[in-house]
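Supplied in C-alpha cells, the structure appears directly below.
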Amino acid sequence: MADSAPTSDDVKTLIQQVSNWGRWGNDDERGALNLISDRKRAQAAGLVQDGTAVSCSHALPVVPTIENPVPVQHCMLAAGDLPEGAVIPGLSYTADYFAVGCHGLATTHLDALCHFVVDGKLYNGFDGTDVTSVGANRNSVMAGLDGLTSRGVLLDLPALHAVDWLDLGHRITRSELEQAEQRQGVTVEEGDILVVATGRDARRAELGPWSFEEGFAGLAADCLPWLHERGVAVLGCDGISDAVPSGIDEWAMPIHQIGITYIGLHLIDNMRLDRLLDVCRARDRSAFFLTMAPLPLERGTGSPLNPIAIL
Amino acid sequence: MADSAPTSDDVKTLIQQVSNWGRWGNDDERGALNLISDRKRAQAAGLVQDGTAVSCSHALPVVPTIENPVPVQHCMLAAGDLPEGAVIPGLSYTADYFAVGCHGLATTHLDALCHFVVDGKLYNGFDGTDVTSVGANRNSVMAGLDGLTSRGVLLDLPALHAVDWLDLGHRITRSELEQAEQRQGVTVEEGDILVVATGRDARRAELGPWSFEEGFAGLAADCLPWLHERGVAVLGCDGISDAVPSGIDEWAMPIHQIGITYIGLHLIDNMRLDRLLDVCRARDRSAFFLTMAPLPLERGTGSPLNPIAIL
Amino acid sequence: MADSAPTSDDVKTLIQQVSNWGRWGNDDERGALNLISDRKRAQAAGLVQDGTAVSCSHALPVVPTIENPVPVQHCMLAAGDLPEGAVIPGLSYTADYFAVGCHGLATTHLDALCHFVVDGKLYNGFDGTDVTSVGANRNSVMAGLDGLTSRGVLLDLPALHAVDWLDLGHRITRSELEQAEQRQGVTVEEGDILVVATGRDARRAELGPWSFEEGFAGLAADCLPWLHERGVAVLGCDGISDAVPSGIDEWAMPIHQIGITYIGLHLIDNMRLDRLLDVCRARDRSAFFLTMAPLPLERGTGSPLNPIAIL
Amino acid sequence: MADSAPTSDDVKTLIQQVSNWGRWGNDDERGALNLISDRKRAQAAGLVQDGTAVSCSHALPVVPTIENPVPVQHCMLAAGDLPEGAVIPGLSYTADYFAVGCHGLATTHLDALCHFVVDGKLYNGFDGTDVTSVGANRNSVMAGLDGLTSRGVLLDLPALHAVDWLDLGHRITRSELEQAEQRQGVTVEEGDILVVATGRDARRAELGPWSFEEGFAGLAADCLPWLHERGVAVLGCDGISDAVPSGIDEWAMPIHQIGITYIGLHLIDNMRLDRLLDVCRARDRSAFFLTMAPLPLERGTGSPLNPIAIL
C-alpha cells in the first residue's frame, strides 16, 4: 500500500487484517481500551519523574473561526453585579452555562466507538441503528468512565522532518512513525496512548486556522495495520489523526472509519500539543504518564476532554 | 466554636485566621492549588500500586429530580438512522450535543475560586464585579488548566460512625475528621486533595434524592481552620462539603463562602464515592493517586468533572 | 362511542372516517391548514371591533415545576454591568440566549404534523422515518411559515358547567362542545381555529401545577369526527387538547395521535386562556380574529408560540 | 444635519429633540408602542382585502455564515427511528430542541427597549445596571406580550432608486423616506409600523452574505427626528435599520442607540422582505395589516420573531 493509492479491495483486505470484532467477546464495547491493563496503568505511573503536569487541551473554543463554525456557547447565569441574596437568600454566588457539540475541528475531544458507522455497522458488529435519535445504545462514551490512563508516547513528526509543521495533506506513513521512534529512542508498545504531533498549533499560531477542505496532515491508511500490530490503545493528534485528503476513493477518513469501527480505537482529536512538545523536547522525553477522563454522558458519542501529561 | 453556635464575631475571627489573601502574591488566582508542588504530584504517582482506576463522577444528570431541577440537556445531532453521506459526503457518523450549568446538587463539578462573593470580594481581594455578565475576569476555572493531581485522601465518615450514611444536617467537626484519620491510620498533609464521604450515594440508592431544604451532611465551620492548618489543596465531597443548615446565622454555606473566598480552596461537589468507598474499604486504603482536569473554559466559574482515583 | 369505551376496532373505523390523507394531494404537508383560505382570513379580520389584543401565551417557563421538568434555559450574554465597548467598540448593549424543547406540559407551543407517528406513519402517509435524527424531512413546522390566522372560536367549558375548572380527567364529548356552542350562540365553522378552555389556568392559580399522571381535562376521542365534520383548521387548548387518561386502551392521546396524524390538525398546547376568558366573558364574545406565527425552523417538530386574539 | 457629518453637539441636540423619556409616565416600559391604540389596531384590520398572508421572517439561521457567526443550534430529542414506546409508553412521537441568541445580523428578531445602554441609561431613564446578569429588570421584551399589531407601511427604497438593492453603506435620509412616500402614494402616520426595504435579500441571493464591516444600507441619523415627528411605533428593516458605518464619530449605531433608548422604538432587525416586496409591488400596495408577537421571555432582551403581513 505504500507506493500507490490503495484500491477498495486493498481496504477490504486491510479491514480483515486489523479487525478486533469479537476479540474481547461479542458484547465488548471498549475495544482497544482492553489493552490497558491495571498493570499497564501502574507502570505508567512509574514514568512520573519530576511531576510536571501539562494540559493537552485547547480552551473550549467559544469564538467562531473557519475551523470552528459552531462554537461552544458560554453564557452567564449569575455574575458579581447582583446584590447578595438576589438568587439564593443570604448568598452571593456566580454561575455559568455552556453548550457544546464536541466533534469537529476545534474542541479537544474524545471520539466514542459509536462515532462512526461503516457499512451499516459499529465497532464489534453492532448495528448502526443502535445509535438512535435519543442516543447510543451501544459503544457510548461511557466506556471511558474510569478514565483513559496509560503510558503516553509522543511522536514528534515536525522534528523528524526538521520543520515547524507538516504540510497540509501530508500523509504520515508507518515508515515515518518508525523513523520517529528511532530518532526519539522510543518504541510504541501494547496499551500505549499514541500521540502524533503534526505541528498544527505552530502553524495556526503563525498562519491562522484553516478549513477541512484545505487539508490536514495525519496518518495514512497504511498506518492502520501498524497501530493494530503495536496494540495502540488510544490514538491522539493535534489534528484529527486522519490525513485529509486520504488519497483513497470512498474512504474519506480511514483512520476514523476503520480505526474506530474495526480496531475499536478511541481517538482524541484536536489535542493542544505545542506546550507538550516544548516540555518533551526540552527534557528529551517521549514517554510519560498520560491521563484523561471523558464526562460520563450516558449514550453519548464523545466528550470534550482535558488530557493531562505528567512527566 | 465547638460547643455553641458561632457568632458573627467568631466568623470574623475565623476568617482572619484562615485567609490566604496575598500569601502567593497579589495577582494569585490559584489559591490553595499552590500547595500542590511538582514534587507532591510525583510523590502521589508513587502511591499507585496495582493500577485500579475508579471514577468519582456521576453520569451527567440528564433526568430531572428534586436534587436536579435543571438537568443537563443531551440531544442528538446525527444518529445511525441516516443514509451514508446524509451529513458529510461519503461518511456516516453520529454526533451529539449537551448543555450544562454545572453548579447545584447533581452534577459532579469543580467550583472555581470566582464562584462565591463575600462582602463584595472574591478570593485574594479581587472585586466581585470582576465576574461580569460576559464571564469571570479573575479566578476563573482556568486555574485548573493543567489538572488537579495530588495525593487523594478519603475520610470515611460513615465507617467512623458505623452507619451507611450520616444523618441529614450532620455537622462533621474537626474532631471527627481527626478521629477518622486515626481510625484509618492516615494523616492529611499539605497539598492533599481531601475527599470526605458522608454516605450520600448509599442514602440516595436506598431512599431516593432529596432537596437542599431537607439538609445535607457536611463539614461544620470549625473545620475551616483545620483545613487551613493542614494545607488541604482541594476539598471534595459526595455532598457539597457544607453541612446544611450550617447553624450559623448569615453564613448559609461557610465552607463555600469562606473556604473558596478566603482559603482559596477549590471544591468538588457531588462526587460519586460509593465505588471508591467499596474499593478503599476492600483494600484498606485511604490514600491514593487522584487526578482530575476541568474543561478549560476561559472566564468560567466551574466545570463538570470526572475525577479518577488510581490505587 | 358515546356510552362505552371504544374498542380498537372502533378506533380503526374512526380513523377511516376522519382521515384526510390524500385529500389535498399526495405531497400535501399542511393538512387542515388548507381549510383556511385567503377569504377566510379576510373575513376573520372583519371580526375586529375595538382592537383589544390579548396574548394567549404563558411566559416562557424557565422555572422547574412538576408540569415543567425540563424548563426553558435563559442566560445572559451581556448585561448592563459592562463598561461601554466591552463587547463591541463604542457600544454598550445587552443580549441574552435561550434554549427550549417546546413540547410537554408547560410551554405554549404549536405541534407540527410530524410530531406524532402512528403505525409507522406520519400525516398523509409519509413514513415515520422521514423524521430523522437531523430533523423532519416531511410535515415540519414550516407549514406554518405564513402564520396561522383565522376566526378563533373560544368554547368556554367551565362556564357551561358553571365551575371554575373541569375536573382532572374530564372527557369533553362532542355533545358538550355543541352545548357550549348553543349556550354561547356561536357555531364552529370550516377553517376556524377552535380554542377549548378547560379552566386549567384558574386551577393552577388556585392549586398549583400538577403532573401528567394526575390527569387532564380535554376532548374525548368521539370529538374527532366532529372536528373533522366541522372543518376545524387548528385546535388549541389551555391543556393539551387530549383528555388524560383517554379511556381507550392503546391510544393514550387520541386527539394528538389521530388528530395530528389522520386529520392533519395542528395543535396548540398549553395556551394561556385566563385573560382571554375574562375579556370574552366581559364582552360576551366567542369569535374573534386570532393569529399566531411559529418560528420558521426548517425540519422542526413544533415551535413556542405567542397567539394573539384581537377583538 | 443633511449635508455635513453631525458633531457630538448635533447629536445632543437631536436627542433632546426626540426623547420620549417621561412622556408616558416615569414607569413606562413600552415607549413608542404606546402610539398603537386599540383603535389603531382596529383600523389596521380594516386594511385586509383579499387575505393574503406573507411571512417577513427568515428561517431560523442554523448554518454558520459570515453574517451568522453563532448560528441557532437545532437538535433532535426523538425522531421517527424509535420503536413505539421508546420514550413514552404506547406512544411514538418526535421532538426537538433549539437554542438561540437572537441578536446580530441573521435571525429575524425584535429588539427590546433594554437592548441598548447610552450614557449608562436605558429608555425612560432607567439605569443600565437594571439589566443584570440574571436578566432585564426594566424594559424587557415583555412589553410586547400582547403582540405588535398595527398598520404596516413598506417603503421600497430600491424601487425609489430603480435598483435591486442599495449600495452597502448607503445612508437613507429623511428626504429619501419622503420621496419614497410620494412615489408610493402613502404617508407614514402615528402608530404605524414602518418597514424599510433596502434590497438586502436580493443582494444576498445574488452575491451571498456579507459582514458588518463591509457595511449596511440603512437610515441616517437625520431620520430620527422624522421618525419621532411621524409617531412611528415600531421600525423594521431587512437590514438592521442603521446605516453602517453611521458617519458619526462615537455613535456607531445611532438608530439603535437613540431610537431604542430615547424614542423608545422597538426595532425589528433582519426582516425577510423579498416576498413582501414581490406581493406589494404586484398589487401596488404600501400599507397593510402587520402583526407579530415576541415570545414572552421575562427579563429578555429580545425575541426571534415571525412577522406576518396580511393584505
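In order of appearance the chains are A, B, C and D, and numbering begins at 1 in each one.
The rule is simple: a residue touches a chain if its C-beta (ideal position, glycine included) is under 8 Å from a C-beta of that chain, and two chains touch if they have at least 3 such contacts.
No experiment lies behind these values; they were computed from the predicted model shown.
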Counterpart interface for A-B, drawn from B-D, A-D or C-D and sharing over half of its contact pairs: C-D
Relative orientation of copies subunit A and subunit D, as a Cα rotation angle in degrees, nearest 5: 180
Pair of chains joined by more contacts [C-beta pairs], A-C or B-C: B-C
Mean-CA-position distance for subunit C and subunit B (Å): 45
Averaged-CA centre spacing for the pair subunit D and subunit C, given as whole angstrom: 28
Centre distance in Å when subunit A and subunit C are each reduced to the mean of their C-alpha atoms: 46
Residue numbers of subunit C (touch at least two other chains): 73, 76-77, 79-81, 94, 96-97, 99, 101, 129, 132-134
In the complex, subunit B residues that touch subunit D: 73, 75-77, 79-81, 96-97, 99, 132-133
Parts of subunit A lying in touch with subunit D, wherever the complex brings them together: 64, 69-71, 73, 76-82, 86-87, 94, 99, 101, 129, 132-134
In the complex with subunit B, residue positions of subunit A that touch it: 37-43, 45-46, 48-55, 57-60, 62, 72-74, 76-77, 79-81, 84, 88-101, 103, 114-118, 122, 127-136, 142, 145-147, 149, 250-253, 256-257, 289, 291-302, 304, 306-308, 310
